[in-house]
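Note that subunit A is present in both complexes that follow, paired respectively with subunit B and with subunit C.
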Partner chain A sequence: MTSETVTVYVDGDPVDVAANASAAAAALQAGLGYTRTCPITDEKRAPYCMMGICFECLMVIDGMPSRQACMVKVRPGMRIDRQLGPRKLQ
Partner chain B sequence: MNETAECVVIGGGVVGSAIAYGLAKRGVKPLVLDEGDGAIRSSRVNFGLVWLLGKGDGMPAYGFWTRRSADLWPAFAEELKAYTGVDTCYVKSGGLSYCLGEAEYETRSEIVNRMRAQAENDPYEACMIDRRDLVRLMPQVNFGPDVLGASYGPHDGHVSPLNLLHALHAAMTKAGATYRAESPVTEVRPSGGRFEVHTAKGVVSTPKVVLAAGHGTNALESDLGFDVDVLAERGQILVTERMAPVGLLPANGVRQTAEGTFLIGTTNEDVGYDTSTTPQAGAVMARRAIRVIPALAHARIVRTWAGLRTLTKDGCPVYEESAQYPGAFLATCHSGVTLAAIHANDLTEAIHSGKLGANIEPFHSTRLRAQ
Partner chain C sequence: MSKTFDFLVIGAGPAGMSAATVAAGLGVSTVLVDEQPAPGGQIYRNVEAHAGDTRGVSVADWQRGVTLVGEFRASGAIYRPGTQVWQLDAPRDGSCMVYVTDGEQADVLRARRVLIATGAMERAVPISGWTLPGVMTVGAAQILYKTTGRATQAGTWIAGSGPLLWLFAAQALEAGGKIEGILDTTPRINYAQALRYAVPALRNHAYLTRGLALQARVKRAGVPIVKDVGAIEAKGDGVLARVRFRMRGQWQEVQASTLLLHHGVVPSVHATRSIHADHRWAPVQRCFVPVVDEWGNTSVDGYAAAGDGAGIVGAEASARKGQLAGLEAARALGTIDRARRDERAAPVRVELERHLPIRAFLDQLFTPRAGFFAPADDVLVCRCESVTAGRIREAIGLGAMGPNQMKAFTRCGMGPCQGRMCGLPAAEIIARERGMAMDEVGLFNVRPPLKPISLQELAALPE
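Here is the complex of A and B:
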């Protein structure tokens, strides 16, 4: 474990997290609750397996949709946002 | 274990299941003998089109057969949904084949004109449409600059092929068929006007057998006096993440499913029974899809897969009764999804009555051996 921290922005709010945390861990630490809604049923979903298998943790990271937040390491200033509904083709 | 059955259908894919459902509806209780999850099963890996465009070039009977199935599809989808609760997600949307550049537009026009000229009462009613028509049909889609137009068929549509297979299995068993997985047929022995169907688990004696075994056909057909030879052709598919629906009409290279994924295809490869995917083919398919709809460049690919088409030498279906062993029928085709509706109706009616009539005669395999 490291005592180093970085500041990231979870749905716009700054939060200090361990420098080796994943974006999904940062969202959980920030108490975000659900991190996306299902594109089919609109159900609320949150990170589950935390190891890249279940795809429940898809979030918008630095503007890029559908990233697996559990597989992305934080970096200073990272924007980690909820992904709501289906991604748009644009 | 030895048992008897009124009829045995060998194969539980979309072809065998549609026939078994049709037979069960007519009061027969067929036994469906199927392989397991490890089978090479085209029913599970296909693009899900209900498709007329390009079918039966040089064989108008196939065009009319396909058109009749497309006409039966709306009621068939309703029937399956009402009977089983499974929605096949069928939409008679009309279908497209995009033309990138002048040369493709010319080639496509020639095909449409040639096929229209082959048959009186043109079954396709296809036409060429230009870029402005495409934009009018699909106002939410931004097409790439190379898209000059497309051929358009009003009777084409699409369906969820997995839901279709599920619905057919539910329907046939509800109607009285018995389905048995993990029961590959090893041999069929004609004997005294009946058939002994052998599996590892026992022998079934039946007066009527329907061979609808897809890629399993070749290993069994000579037992029943057939000589068709089903060929394998690989097709690869890219699958994107689910995205918001954009009102895209299905095309033979790209469609958006009811769940929102884009399916991007495909290849035509002669590689035997190899079902692996290749990055080279993926790159070619993705490049073309992006030329049609540039925004797809940002879509995330979540899966790739490959399936093996079941083809005869001329690409058209074969339906026939064995001359040597009456009571034995064979059905094989490339388009088990498109033809599911007619298989459960006209084809089953013929097999049930024991007479393959004038509408089915053109599909006899003698044409494959004639030069």
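Here is the complex of A and C:
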């Protein structure tokens, strides 16, 4: 396995993750627990399928809301933040 | 880059890569688009990172994957990774329009033939608490393992049924992961019913031998295995804390920080359904599959489907079905004639036959427990819109005739996943409540965009 890592910022905190990881994997590795709250019920939710099917991992990535975090590969310096409730209109 | 091709393949798993390799090798102008950053699909995900591996439970799989990826990369087919398809149009003037986005800009590609090789997804079986953080699928945990090397942590329970469950458990243990226990939901009766398919399955006993070896490995590691588990619930306040399960009528409860669920895989039919291809209900596998001929042609002109997305056959058979679809594309495009296609296909079909006898056995052994399709009223079926089984039943009681009317009543299937997750379980509930056959019930209609797309991405689209 490759041991190459990159540093990303999960909710502001730096974390080193495998260069092949997705943003969702980085959030899980950082111990973020929940990655969004449900816009309907406000319940805490976290990535479920990790392969682009369930859309449970919607997060704010580099300021862009509602990204499928499991489908976005990490880049050095990437900011990965929880998405709370429905996405905010910019 | 040119945007007009003879052959466009969607998906870089075994079927898609094999089809593209064969077609490009025959001189067909071929492009392959795939969502992932690297080729391999889910089964061979990130496989190039394992090129140097020489040992381990999956080394033979990874070698096969590395070979397929190598052949594909050398084939001359154009490869567009990180590309999602959001709309497929019926052919006009002999070419199909395929709308894609790379996450920043939308684009439209034209091709005379399209192969949909979008693979499988894990069957969604709604249980109480399955939306709690800490609950995910076995496939999700395997993707974490394949891309980051991360194994399972203390407090991990695995529940469900199917070959992937045992493969992943063995992989996780090998990687130093912890598994507190496995809750095997395979109904006892399945073993007896699968027995009559065991003799044909022995024609290629490598599958059976390997399956048994994986189970033995997990047992040898001392992981407790609870058999014949009839129901599972995830419990916790905002995060998973406990797993409850029922075995022979008795409920038990264990502490847990991670629950990995697996109930087999079903074809991902979102793309094939979006083009209104004919689908049929497969009663043993309990899923819808696109109707295709022996070359993968769907009922829609210009569109073919191959691999697990056209009916679950596994990675090796999928690669062969991809090759057949690649040959058929070359024939349909006039690059080779019928005789040449058949000549090239003959050895592929011989190989394909080696990998199919196991399927009837596996399908029967792992056919899901009937009770899983009747979730209690308080269980969320639609995760996106938080719609419970009870509300679906209420809508049916109020006269909703099928999935689409029920969706209008409840918003079930109207969230970002567009019914990919809840489509099957919701249809199962409707079939039960109304006493209808699954073929009659069907699934939600699929409408573009197949993936959410921003106005900013859309603005980049040419006129």
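Throughout what follows, the second predicted complex is superposed on the first by the 90 of 90 C-alpha atoms of A that agree within 3 Å, B and C clash if a C-alpha of one lies under 4 Å from a C-alpha of the other, contacts with A are read in each partner's own complex, and residues count from 1 in each chain.
To be clear about the criterion, a contact is a pair of C-beta atoms (placed from the backbone, for glycine too) under 8 Å apart; a residue touches a chain by one contact, two chains touch by 3 or more.
Being a predicted model, the structure only gives us computed values, none of them experimental.
**Student:** On the superposed three-chain arrangement, identify whether subunit B or subunit C touches more subunit A residues.
**Tutor:** Greater contact footprint in residues on subunit A: C.
**Student:** Classify the contacts of A:Met71 with the two partner chains as first (subunit B alone), second (subunit C alone), both, or neither.
**Tutor:** second
**Student:** Between subunit B (first) and subunit C (second), which does A:Arg87 come into contact with in this model arrangement: first, second, both, or neither?
**Tutor:** In the superposition, A:Arg87 contacts subunit B only.
**Student:** After the superposition on A, what does A:Ala18 contact: first (subunit B), second (subunit C), both or neither?
**Tutor:** It touches subunit C, and subunit B stays clear.
**Student:** Please write out, lowest number first, the residues of subunit A touched by both subunit B and subunit C across the two complexes.
**Tutor:** Residues 40, 55, 66 of subunit A touch both subunit B and subunit C.
**Student:** In the complex of these two chains, what residues of subunit A are touching subunit C?
**Tutor:** Touching subunit C from subunit A are residues 1-2, 17-18, 20-22, 25, 28-29, 33-35, 38, 40-41, 43-56, 58, 66, 70-73.
**Student:** Which part of subunit A faces subunit B closely enough to touch in the complex?
**Tutor:** So the residues of subunit A in touch with subunit B come to 39-40, 55, 66, 85-90.
**Student:** Flag every residue of subunit B that touches subunit A in the complex, lowest number first.
**Tutor:** 241-246, 259-260, 293, 295-296, 298-300, 302
**Student:** Help me check something: in the complex, which residues belonging to subunit C touch subunit A?
**Tutor:** 35, 37-38, 42, 46, 49-50, 82, 84, 103, 121-122, 130-137, 139-141, 143-144, 147-150, 238-239, 268, 383-386, 415-417, 420-421, 452
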